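Letters A, B, C and D name the chains as they come in the text, with residue numbers starting at 1 for each one.
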Amino acid sequence: MQDLKGLVVENIPLTKEIYKLQISVPEEILPEIIPGSFAMLKIEAKGVFLRRPFSFADVDLKTGLVTFYIKLVGKGTGALREIHPGQEISMLLPLGRGFTVMPGKSLLVAGGIGIAPLNFLAREIIKKGGEISIIYGVKNEAMFIPEITKNFKNIEVYSEIPGPGKKGLVLDGLKAKDINSYDQIYLCGPNVMLQAAKPYLQNFSGLVEVSLESYMACGFGACLGCVVKVFSNNEIEYKKVCKDGPVFNFKEVVL
Amino acid sequence: MQDLKGLVVENIPLTKEIYKLQISVPEEILPEIIPGSFAMLKIEAKGVFLRRPFSFADVDLKTGLVTFYIKLVGKGTGALREIHPGQEISMLLPLGRGFTVMPGKSLLVAGGIGIAPLNFLAREIIKKGGEISIIYGVKNEAMFIPEITKNFKNIEVYSEIPGPGKKGLVLDGLKAKDINSYDQIYLCGPNVMLQAAKPYLQNFSGLVEVSLESYMACGFGACLGCVVKVFSNNEIEYKKVCKDGPVFNFKEVVL
Amino acid sequence: MNLEVKIDELTLKNPVMPASGTFGFGLEFKDIFDLKNLGALVVKTITKNPRLGNRPPRVYEVSCGMINSIGLANPGWDYFREKILPQIKDLNDILILNIAGESVEEFEYLAREAQRFDEIKALELNVSCPNVSKGGIAFGTDLEALKQIVSSVRKIYSKTLIVKLTPNVTDITVYAKAAENAGADALTLINTFSGMVIDVKSKKPVLGNKHGGVSGPAIRPMAVKMVYDCFKAVSIPLIGVGGIDSKEAALEFFLAGATAIQVGSQNFVEPGFMPRLIRELGEYLREENIEGIAKLTGLAHRREENV
Amino acid sequence: MNLEVKIDELTLKNPVMPASGTFGFGLEFKDIFDLKNLGALVVKTITKNPRLGNRPPRVYEVSCGMINSIGLANPGWDYFREKILPQIKDLNDILILNIAGESVEEFEYLAREAQRFDEIKALELNVSCPNVSKGGIAFGTDLEALKQIVSSVRKIYSKTLIVKLTPNVTDITVYAKAAENAGADALTLINTFSGMVIDVKSKKPVLGNKHGGVSGPAIRPMAVKMVYDCFKAVSIPLIGVGGIDSKEAALEFFLAGATAIQVGSQNFVEPGFMPRLIRELGEYLREENIEGIAKLTGLAHRREENV
């Protein structure tokens, strides 16, 4: 973990609710950034005290740029939208335990802004010679990031209300697949999506990983604030999303 | 008093410590703005809760612009320096009791950023056919606003450490004058300057007015926070700088 | 959608009123909005005799709030009755007089006077000001004194009696119950937190009176918790106050158990805040399809049980 | 220029240390700076038995601060002694163990254990956590319980004994004096303020445990006042804590009467804050030509007399 200053290079709206933030970071740190890891950004705005966590949605080793897809939800994400190219931003990074990139066929299941870390993961899997399919479910047009579908061939989009892609939920997409034709499955999305997917994936024999969210004060394991219940070795434990995760074995997580 | 939005038109540094902020305000309000009155500006920045008071340094009835000269002292004035042309700013205005503009010869005595309201007053006196002389004392170069000396002919500049104008204090300027040749005297500056001038002006027979500062929460008489001691009608009273002032009869003020 | 709330026998057309001492006598706000819009008008604390208040500086900014040591500066009851009451009695149907005394007798004196004026609809007893050396917070933290003041005033005053409590106690519910048992019809929660700011340059406390009372969003979580706790402890209506600067902040207080709310420091920052809040609360009820604001009171307690 | 301070028999090379529970066991910060730079290392509260802590959510932002209901989650004394102590004992010369118990016996047990370990240089008794149902704040607000815990531990523990007090009391000086009389060598002032945030959408308290403790700049004026008041009331050294996020904030505490300070929530926002603060305090002494930081302690009191 380092506390360093990044330089904002681009900050553009992608939809009414989502924007894309690109930040130039020092070269040395780039190799440490892996899919599923995240940064805590310091937002200098009225009423924002804590940093805010955002997953890396992409890293470009050549340009030294990291990309975030950010959904507008409150004062922090609201203020961050106003940051201009050329401004500096303090970032703690890289944080957390990322996805386990595996060979073979991977199914990536994203709900809403959950696509952010999976975009990065998909690129990484492809880079390492793996195969991917993506199910990308959104609520509506405002939550849909068009450039994602340009990045990947095997991607199916579902929209809760008529909008981009097919009408339906992520779960509909999952049901339409022969999940056993995949070697592993990765998920990121809202709790309702994860809860719905859970019984459906219970018997899947391969690795299933999920990237979780939780409210964080520090992001690096010091406050013990961000815990989730995990059932492993026949014991219920609280694990830190920021340090033991955000990527967990999906089957062990108590949602 | 109105709570309205102004549009920032210009915000430029004049010296290392002083900047000039020009804001376009609705036309109807302009005639109510008089020398000595002030506005409470709402500064949207981390850690700033209360509004900040600033005296009008000028008003242009034709362009609808008001001018503030602002000295950098802390977080509010620091954040305000970053406001861009085109941004809106919430202002409460006009506030306070201004100077009494009188015919004849007026002496204006300014210390540091105290020049702000006196600049406006000087223009107004001249407009009404009066005559003015200005003593403008500053600490150093960084506190000296060059454009002030361009605005007026009868102006003498003193600098505490060698810098613009003569070396010396405001009081030296005052002593060099035959103050009895003036019909009235107006002051604005730091407390040390006012204290030094006090005994010297005690026997002056004309009107002596001073614009005071004090820490303000509301700026419009609601909190009772900004009081100063005033001795009038043989009684010590607390008067509100924001509403009973900021302009007071200098002889009545207990410094 | 209905913003009406009841505090004892009074029906307020909406639950929003100014916090004492942050709204003067209302006159300063007349330029900004029509005070008839308010649920009630609460005036700055009045004492028997005029008070100059503490020496300046009396206000200062703190993180997400402010600190004050005004010290109950006010012109005294006689001046208020003669010069101010006539000017403000028609500004709002429900005028609440906030009073403080240096002794039980002074409280009694003021209550007796207030009882005589029809235009005064309720009394709010300030037993909680941290800025006066005699009485003030001492009454609010001394359980016996609190009981004595409230029951003495209760004997004299037959209209709505509200007691405003200080948060500077170990367990506010003890004081809330004591005030209820002594005859209070409603409680205002809370006054300011005792605090101090030291000026690093001069190496002295910033305020002339050294310490003062902290208000603003900084104290909101503590205020919300106190309303929540007192809602369980007493059955009289609660008026929530402390750091309300948005619709969401106001809603927290209703959900915690407040029947009405007061706005303090935010009046300084945005003098038109209260009418905006009233409008936004109305819109909220409409959007959420909630029949009346009163339905929200204490909802955070009920929800819990279903977890 | 000298940053050294003395707390009882301990000489700290500078007056800056982490507040318990905001620094883990220090290990998370090792990437950011060398913990040897700190005046002392204070660990997260340890209890006799392991504690899972409260159900999440456990942290949330509030205006100029945060609220937490961690609930003293910790691996328990045995695990700490076996697995953690060996890892951290060389991180800093002065290791302060913060402990809490559900009973006087648990405090005694832990004190007896701590006494055996040379690497533990001082105990800080947490009698003030608002987030546990047994013990916790109840001990800190019950004067008799406080006296009993402190004097029982004092009998067992011969090294430096620090007692950390809760601000959720009517008059903290009463508790400060009681702790001093019961044998405390120093006091840490203060733990968090009890508070609550309600989620307007779900209409429920945000925290899994409903209420929590408020920390950060929002509580600083209250913390400074408590240090100021206790400085007059007791003669043992005070360790000031509450909302320190800058050199100026730290200086307020020294001027109010603190001998050393602790940094809490700010560690989350800026993990490198403490070494920066130490550097800036050194620069400050140099610029102001003050011979040692200890000269600042309580200066706001002395200045007053000359007003």
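Just so we're on the same page, a contact is a pair of C-beta atoms (placed from the backbone, for glycine too) under 8 Å apart; a residue touches a chain by one contact, two chains touch by 3 or more.
Note that the structure is a prediction, hence the values are computed from the model and not measured.
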item	value
Interchain contact steps from chain B to chain D (minimum; 1 if touching)	2
Inter-chain centre distance, chain A versus chain B - centres from mean C-alpha coordinates, in Å	54
Approximate Å spacing (C-alpha centroids) for the pair chain A, chain D	36
Whole-Å gap between the CA centroids of chain A and chain C	46
Shared interface positions of chain A, touching two or more other chains	47-48
Multi-partner residues of chain C (at least 2 other chains)	62-65, 216-217
Chain-level touch network, classified as line, ring, star, complete or other	ring
All touching chain pairs, where touch follows the definition stated at the start	A-B, A-D, B-C, C-D
Of all residues in chain A, those that touch chain B in their complex	44-48
Residue numbers on chain C that touch chain D, as the complex places them	62-65, 67, 141, 168-171, 193-198, 200, 202-205, 210-211, 214, 216-222, 224-225, 228, 243, 248, 251-252, 255-256, 296, 299-300, 303-304, 307
Of all residues in chain C, those that touch chain B in their complex	21-24, 28-29, 31-32, 44, 52-53, 56-66, 68, 70, 73, 216-217, 265, 267-272
Contact footprint of chain D on chain A as seen in their complex	1-3, 42, 47-51, 90, 92, 214-228, 237-238, 243
